[in-house]
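Two complexes follow with subunit A in common, the first pairing it with subunit B and the second with subunit C.
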Partner chain A sequence: MLLVGDAGDFALAERPMVERLCADALTDDDRDVLSCEGLLIDDGDPLGRVAYAYGVAERIGHAGALDYLILVPTLRCNLSCSYCQVSRVAERSTGFDWNEATLAAVLRLIDGLETERVKIEFQGGEPTLRPDLIRAVIDRCERIPIRQFVICTNLQRIDDDVLALFDRPDVFISTSLDGDAATHARQRTGDGATTDAFLANLRFVLDRYGPTKVSALPTVDPARLPDMDGLIDSYAAHGIDGVFLRPINYQGFARKRHAEVRELDAAWRDYHSAFVRRLIERNWEDRSRVLEETYFSICLRRVFQPGADRHVDLRDPNPVGVDYVVVDHDGRVYPTDEARMLTRSGVIDLAIGDVFDGWETEARDRLNAHATNRFDPTCMGCAYQPFCGRDLVDDLSRYGRIDLPRHETEFCRRHLAMFDLVFELIYSADPAVRYSLARWLRLPGTPTEFGVRLS
Partner chain B sequence: MQGEVRVAEIGIDIVDLPEGAQHRLAIIDPSIAIERVYGGFALRSETSTHERIGDAWLCVMTNERLLQATAEARRIVLAELLS
Partner chain C sequence: MIRLTLPAASDAEAAYVARLNTGRGGVDEADAALVDEDAEGVTYLGRHGVLAIDGASATELNGDVVIVDPVGGRAERILRRGSGHNTLLVTERCDQLCLMCSQPPKKTHVDRFALFEQACLLAESDSLIGISGGEPTLYKADLLGMLEHVLAERPDLEFHVLTNGQFFDDDDVARLRDERYARVSWGIPIYAADAALHDRIVGKDGAFSRLEKSMAVLARAGARIELRTVLVADNADALTRLARYVAKRLRFVEVWSIMQLENIGFARARWASLFVEHARDFGPIGDAIDHAALHGIRAQLFNFPRCTVPEPWRDLARASISDWKRRYADACAPCRERDACSGFFEWHPIQQAEDGVTPL
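Up next is the complex of A and B:
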């Protein structure tokens, strides 16, 4: 049975020890080993108390100054995917790009950033339809020492202006690759010629820049789960080792056209688990490269490396409108990209302000009053609480409320299954498993064990 | 035998089963059904073994005891860290 402390220390215990723990009848030896693993603090142990408080503090997410912006310079797009999460508008529509006043306000926002580093993600619509706006933002960030820009693009068209942006060393490319050409055509492009154009452009940017500058994500339809090796091969063939297995998001057009994805069922979780195991097998068979499922790796690192990851969908507390915001095509500010999608779907208005007057608003404060799982009665009894997070917007999206018992939410079920898998693999004796876990944790070697067993 | 459903069951000799404990049991093993019976409760599952039901119940009881025993100390530390 797994024992986990508030600070995320953990160990596997045999039933007799747990029975003694339950009966408040621990032996001196029990107390010694549990103390040694950080799972018990004796009354006369002030150092242990400080270590405990420090460990808990390490686990608590720290939202610093604003340094991560998701910018939507246009809502227009040259594709029309059935599960488009933002309900994009047609390429020739008008009134869906930043106007001069919005651009000026965004540039003022950048001027006011009090940080040594910034990450800006350009979302859409298709942001490369407005390379001039992207260029203006990037130029304005020159004063900030450490800069990273990610252009999230469907790579359907690359003209000279866009190529000049891609050529910058501080610009990275994020795109979608749903699997083989037939799957990509069915889910996104609609025809072979458009798919061929995308694949040619993907090959072009990979050849020009290499895989470290280009990332891709598949959107997976849980009702038509793809062949695992086919999906992996479609990434590996492009030299991309990371696959973020992402089910259709219950947002935008997908709410109407793929309503079944509100609740992901056991079939999805089984698929994800089998996918991770397949990657482990392939990594063991061919050690010249390390394939990984990105979200599993994020969860794994949440166990071993508190604070090392800044994945804002999985942290606790998870305050909104503090260290990252989304600025939409009309200048409205949202706490997350999903909140923008939800508002655009007409479900609930989750804007917390706008780029003209700011977002230190009552709306933001009301959301942030519920930004932690630390005092949730269900989470407090969950072994995975130190590693898990809180996502108000996900709950609002699926249920229209944030007060369901946690274990009745998709967020909880998904992460329970995820951390069940994480700990099953942590305690696996299979050398192939340990090899992949070590690589996914970015360790130089492979430990003989990842978790302690108490007798 | 085809069509036969085997149900594993353990009896719990307690008067009241707190809602929190029921939630935790559902999280640890959703296949376990709780039924009030004379003298306590019965925990039944069509897919889990008798041993696994017992392990799940032990986890729930241990959790309950530890949560109660450490509630005030945890609250103080968290309140300080989150303030």
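Up next is the complex of A and C:
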């Protein structure tokens, strides 16, 4: 039985210990061990009490001042992917770019940032269709000491203006690579010539900047799960070690064309788990590089290292419209990119405000009143609560409501499966497993054990 | 080795503090200004009259803050200009008697808090001042009073206080929450998670339990803590358990320093039975660091020459040994990582140092 405390301390109790625990027959040694593991506070142990309070506080997500903007300077795109997640319009459409007033409002927003660091992600559409807008934003951030810009691009065309942006040391490139050329063509580009142009450009930026500056994500179709080694190889061949497996998103326009996605969730979970296990085998066979699935690593780190909250899908509480926002092509502000897509698909309007008048709105406050798993009756009985989070937008996109019993939601099923896998691997005796876990946790060596057993 | 105490002559009646100034730039009333320099030493003139210091040049001494002891005929370089290793030894008394103590305690106490306070007020801008002993918190009221005065007058200064954590109690919580203490970090030793073993190493029954009580006080005050563990044969195999203890019960510490032994004080006579040859078997240390890192506790290695630490953990080895007592083996000459390396204590067994290094 897995024992987990409110602060995320845990131990695997074997049958004799469980029996003593249930019979209220703990020995003094038991009490000492449980105290030491942070699972019991004895009277007369002020340090245990402080450690408990500190541990619980560490688990509470902290949203600081606004320092992360996701900007959509244009909704136009030069590709038309079968599942387009971001909702897009044809390249030649008009009226889907920031106008002068919107740009001015975004620049005022940047002038008002009060932090020492800023991260700005350019989404679309295809943001490189408007390098002038990207340039204007970047120039305006000059006064902020620590800056990071990520351009999310399909890398179909790199002209001189775009190249000049890429050349900046504070600019990073994020793109999509769905697997081998055939898969990428089927899902994204449509034909061989367009795929070749993308692959040539990907090779070009990797050669020019190295893999630390370029990241890529695959969008995986759960109805046509790709061969795992083929997918891994297509990344490894480009020198990219981290793969963030992303199922076709149920939100946005994908909803209209892939109605069966909901039934494919279970198959997806099995695939993800098998993928992680395959990475473990490959890492053990070839120690020269460490491959990882990014979302699994995020969940793993959350078990051991509270405060690993930068991935906001999994923090708790998870307030929206505080430390990060999305500014759409028309200046409307959304809590997340998923909320933007969901609104665009006509399901529900999740805009919380706009860049002209701000987003300290009732709509935002209403979302934030429910942005925690802390008081959810199902979550309160869940061993994984300290590690897990809350994603209102995901619930809304799937069910149109947020008050379903938690265990009936896909968010819950997905994360239960994820943390089941995490704990199975934590207690694995296989040296190959321990080796990969240690690398994914960024440890210098490989510890003798990741979790204690109490007998 | 840099000499911290120099022969000096002064006509003053009592000990005083002065800042040595070559005369260029502004001269403050606390300054002793250079008047003469020859092969023997340097002569200064300040408000306490003439001060002659032997054995150093005006250039070396420029900007140093010294305590002049006219009766003992010496000047102590309390705050050396440009050094990151200035430490005030506020008492030589201690309530513990650690197996490996590098600075064995004395029975008597000389109260020099007033002089230390004057010295700190003259410190270079933005400096970090260490406080050590003996056990500084045996004189907790004097110590906290001095820290608070100096920190109020000098918002640019920070202190690092080495203490065994035997004297904090609930009444200190409110006081230590004062914002000035954000500029104080407390270096506190813990040798094992097992109370009996810790108590045996520090030579005091009940020390571990008392330390836990102080830790709870400091945590509630939001104090900044650097945990320190000196590696000895007695606790080497208990290090992983200690790492787990730190990760579970002392998560609020800023950093955990694992320190190799210093061949001085009690450790000198007991060297053979205490020193752990980590270069031969780094296993227990690496495992302890990994367990700490697993739970997000930052560990660092003090007094571990970098070439003696296996590569995965090497970047945790800091240049920890104070400048005035640090040296490198002759064999270190070609090493590329020398500047980042602790080197050895001046008094480390010479042959052991020469045989133990492999230049990187």
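Here, the second predicted complex is superposed on the first by the 451 of 455 C-alpha atoms of A that agree within 3 Å, B and C clash if a C-alpha of one lies under 4 Å from a C-alpha of the other, contacts with A are read in each partner's own complex, and residues count from 1 in each chain.
Here is the rule we use: a contact is a pair of C-beta atoms (placed from the backbone, for glycine too) under 8 Å apart; a residue touches a chain by one contact, two chains touch by 3 or more.
Fair warning: this is a prediction, and the values are worked out from it, not measured in the lab.
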| item | value |
| --- | --- |
| Fit or clash - subunit C, subunit B, common subunit A | fit |
| Which superposed partner A:50 touches (first subunit B, second subunit C, both, neither) | second |
| Touched partner set for A:450, first subunit B, second subunit C, both or neither | second |
| First, second, both or neither for A:287, with subunit B first and subunit C second | neither |
| Partner chain in contact with A:117 - subunit B first, subunit C second, else both or neither | neither |
| First (subunit B), second (subunit C), both or neither touched by A:58 | second |
| Subunit B versus subunit C as contact partner of A:9, first or second or both or neither | second |
| First, second, both or neither for A:306, with subunit B first and subunit C second | second |
| Touched partner set for A:31, first subunit B, second subunit C, both or neither | neither |
| Partner chain in contact with A:317 - subunit B first, subunit C second, else both or neither | first |
| Minimum Cα separation, subunit C to subunit B, after superposition on A (Å) | 14 |
| Residues of subunit A that lie at the interface with subunit B and also at the interface with subunit C | none |
| Of subunit C, residues touching subunit A in the complex | 193, 212-213, 215-216, 219-220, 240, 244-245, 248-252, 286-287, 289-291, 293-296, 312-313, 316 |
| Subunit C partner contacts - residues on subunit A that touch it in the complex | 9, 36-38, 45-51, 54-55, 58, 304-308, 438, 441-448, 450, 452 |
| Residues of subunit A that touch subunit B when the two form their complex | 1, 6, 15, 18-19, 21-22, 24, 52-53, 56-57, 60, 317, 372, 374-375, 377-378, 380-382, 405, 407, 412, 416 |
| Of all residues in subunit B, those that touch subunit A in their complex | 20, 23-24, 26-27, 55, 58-59, 61-67, 69, 74, 77-78, 80-82 |
